[in-house]
Amino acid sequence: MKIAFIGLGNMGLPMAKNLIKANFEVIGFDINTKAMDELQLSGGQTANTIAKVVAQVDVVITMLPASQHVENSYLATEGILNSVQPNTLLIDCSTIAPESAKKVADQANQRGFQMLDAPVSGGTAGAINGTLTFMVGGSKEILNQCMSLFQKMGKNIYHAGPNGCGQTVKVCNNMLLGILMLGTSEALKLGIANGMDPKILSEIMSKSSGRNWALEVYNPCPNVMDNTPASNQYQGGFGVDLMLKDLGLATENAMSVGASIPLGELARNMFNLHSKSGNGKLDFSSIFNLLP
Amino acid sequence: MKIAFIGLGNMGLPMAKNLIKANFEVIGFDINTKAMDELQLSGGQTANTIAKVVAQVDVVITMLPASQHVENSYLATEGILNSVQPNTLLIDCSTIAPESAKKVADQANQRGFQMLDAPVSGGTAGAINGTLTFMVGGSKEILNQCMSLFQKMGKNIYHAGPNGCGQTVKVCNNMLLGILMLGTSEALKLGIANGMDPKILSEIMSKSSGRNWALEVYNPCPNVMDNTPASNQYQGGFGVDLMLKDLGLATENAMSVGASIPLGELARNMFNLHSKSGNGKLDFSSIFNLLP
Amino acid sequence: MKIAFIGLGNMGLPMAKNLIKANFEVIGFDINTKAMDELQLSGGQTANTIAKVVAQVDVVITMLPASQHVENSYLATEGILNSVQPNTLLIDCSTIAPESAKKVADQANQRGFQMLDAPVSGGTAGAINGTLTFMVGGSKEILNQCMSLFQKMGKNIYHAGPNGCGQTVKVCNNMLLGILMLGTSEALKLGIANGMDPKILSEIMSKSSGRNWALEVYNPCPNVMDNTPASNQYQGGFGVDLMLKDLGLATENAMSVGASIPLGELARNMFNLHSKSGNGKLDFSSIFNLLP
Amino acid sequence: MKIAFIGLGNMGLPMAKNLIKANFEVIGFDINTKAMDELQLSGGQTANTIAKVVAQVDVVITMLPASQHVENSYLATEGILNSVQPNTLLIDCSTIAPESAKKVADQANQRGFQMLDAPVSGGTAGAINGTLTFMVGGSKEILNQCMSLFQKMGKNIYHAGPNGCGQTVKVCNNMLLGILMLGTSEALKLGIANGMDPKILSEIMSKSSGRNWALEVYNPCPNVMDNTPASNQYQGGFGVDLMLKDLGLATENAMSVGASIPLGELARNMFNLHSKSGNGKLDFSSIFNLLP
């Protein structure tokens, strides 16, 4: 099976390498030629246009920064839909707007192609270790047929529903995560201001109804847990600006479908204040420090 | 051991009954005489003033609606501190302001009494079944000495720190719970507006970083989980007005200690809108219905 | 002087009629043929494509619902930029995203055309009576040259800065208006809940630092002022859904320029709750009724 | 006419001096003896307890920091109600909770005294120059009888309704002012981020529906207006911490009457973030700088 991989960034490159390691034939493309050089060193091929890369493959995987890049790559005159052979399977792993995912999939379907939207979570560590989580929108049968391909890059592969549902799950989950992180920070800071030990407070809430992923796994208060970004000067992890991007996607999506997300949009504004004060590259749990 | 129990409401009465069942000698008081009649039917004694009830006991337990009731009961001229014998242990199980708990405990300590603030979670079902969670502020030694007493009323008994810390944990946890419930509702409604099945969305988020108690245990969307208030017309459970009271305690506390709780106060306003539209007696997960 | 008028809706049609009354030669287009019939009855001409309408005119005015309509009308293959004669002046009176206004103006400028973005306020009454306010972005000289044209449709014509600034002023002003209306409603409802007469409260605040347009001119409380929508069951005026659209533009714009608008986005969510409860067609001051 | 003046701080002392200048006989009290010395230098008398100060006067005026000070001064065993002669008129000019004002006035009325709650706006400059605004709750007849007394200290004297209404107007107005200032800052920062000149943006919005006191009189953007704190490094004026106190009063009041003030409480949180970052003593228009 031959796979075209478009977008060889911090996430895409290690994903492509894991496919090479699993003995897939991989041909890659990125506007950054260094990334293409690195793919070659790992045993992959490259070509200098999207059209050439996707021309002779069984599967196209894209991993791009934002909606417009995905739309351009698939829909442009020299883009993927106009360049692939019939029966090529199309998989977009980018995190983009659900509307955009549906639009591209509709175009693909009309041209007779099967497409999956399959955004990931798990960060660069997950990409390198092949332990990503995939949330997949599109045909369940198609997903089952290529399950072994996904399993070379990830550990948990969920079918979320028809096209667009992969992106929808990602948007909803990450908006909720932003709320959990800010809400947990508010609770911990409130406790500390009352003289509580944040470690004890975290332990009791973790066994109570305040229990949540941010509190238990990724505690935003320094020295409450080992091995968290909070206990390492908020280095590494998932950056403030990435969370801000995802809260922006949630806000745009809420506007387009007529939903109200009052906590989600307030969290967006708080992460934006935090980012614009010079903290955009810190781990997103550093929102703890925005609060007095 | 003889125990005075002040406050025989929906929570206090079943807690007192559990102590009677465990062969403690219990003498109770409530301004509602029917509650006192019911305690007598269960084998308890009563008296018609707080002063008489607490005069000859080893332990006083109070379970009252709000800060002012607790302050009055302990600090009034005919109140508990002026009526008990030396060495009586004082335990307040009400949910009140941490500042108020500290104030009463300070007065008790100055008079030579040991006091614990020990608010509970678990609702009326927990009170009846003896499965409450206690969050206890005060001396750890004293708590350990009377642990068996708590274990007749509850299952999990946590020591939170010095006096006031029991209330602080309760306030922080329940504020966070209010945020979790509204945030989870926002995420689920956003997904539904995009065409997602809320059951699938809940399953995937429960295994991802959006994981939290409200989503996993107490899902606010009807028919996602069996045995939730949401799947039973939002009957039973923990009422909107109780959550509103706790978010009010968090807001007051934040103001008194100088903390910022932007999500917490926004949640308070949303639960207030919901309550004032006639939903105060529904389960608090019905906040799901406030969102379009 | 011959004018092409594209978009003959509730605002565009009366604006075009005012130009005809002032003896301009007007040729109009709308996808709704009834609107074109009505323009003809008023003495205007019509044609059945945008290309034909704009082919032989001195000025093109567009008044369209949203960014994508404006972009399509100007930039499509059969659109305005490809169909007008050299030296035709282009004026867009739609309320759209500042980014979109800049994009279209950039394309027009590159093709040698002068363009103004000139959104209006004043509603359908202002359009009919020729008393609109115009906020204009683009060259000040060009604006001065065609000032008499604007003065046939409006009363106050402000130059806001280079292209896009007309839309920016509109977005900023209307976001602030949404905040003023909700904030004023909160203050009045708080006063009423304390037993205040809202008329006296409004009078005193109007002479104090709480003074603002919503309070003084457009009071949201019924029967505080005559001739307000609030005193007429919230009929007429500026609809909830129009305010919601403008708060959505502000939110999109804030995300695109990296700004934080916490009150603006919270107002957006509250107007959305109100709209989705079935109040979208009421005047926007009815947000007063969302509050308990 | 002899007047007792309790509370000789930044506001109380110049108010008392203005009464002395107008030939009233003034006897003052403050826990700060320096303030009492200064009153003596200005021609006033003093005594070393509240009971002595109020014993032989026609009118008592109090100007104290917060609700608890007012309640203590009036209701304590050695307090005002127990120390004044029959027919003494009681006027509280402090800014306190409406509930607290009603409670003290109820006690006074039950003891046969007339009382007015009469909080002020206008700051220390208004106190010194005798140009304060008074918002008065209580009997209109009583207010009219002592109007000339108020006119020695202020310029605009409004009757707001029965007891408590003076405080209610103050709370509502200042909450609205906090919203206006933050909302205006959001609009101006959004415009600036789009490349607008804030002076032009302010001018146009001041003539449009975004018009409000903060924008027109007290513009938060430096160098848009002369003679504003914003154009003087946010020195002088009305401090962030005073606005924070008033937003706290609004929040407490909203909770006690069951009102929802979503924008008001969000503004409170933003001013708190700003204060705790070290800006508490700056003018409150410096909230402009919290936004990116």
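The chains carry the letters A, B, C and D, assigned in the order they are written, with residues numbered from 1 in each.
Convention: contacts are C-beta pairs under 8 Å (C-beta built on N, C-alpha and C of every residue); 3 or more make two chains touch, one makes a residue touch a chain.
Note that the coordinates shown come from a computational prediction; the quantities given were computed from them, not determined experimentally.
The minimum number of touch steps separating chain A from chain D is 1. Each of B-C and C-D has its own count of C-beta contacts, and the greater count is at C-D. For the pair chain B and chain D, the distance between mean C-alpha positions equals 38 Å. The distance from the centre of chain B to the centre of chain C, with each centre set as the mean of the Cα atoms, comes to 52 Å. The distance from the centre of chain C to the centre of chain D, with each centre set as the mean of the Cα atoms, comes to 39 Å.
Shared interface positions of chain C, defined as residues touching 2 or more other chains, are 258-262, 266, 270, 272-273, 276, 291-292.
Only residues 262, 266, 272-273, 276-277, 290-292 of chain B touch chain C when the two sit together in their complex.
Listed in rising order, the residues of chain D touching chain C in the complex are 98, 121, 133, 135, 156, 158-162, 164-165, 168-169, 171-177, 179-180, 182-184, 186-191, 193-197, 200-201, 203-205, 207-215, 217-218, 250, 253-254, 257-264, 266-267, 270, 291-292. Across the interface of their complex, chain A is touched by residues 248, 251-252, 255, 258-262, 265-266, 268-270, 272-273, 276 of chain C.
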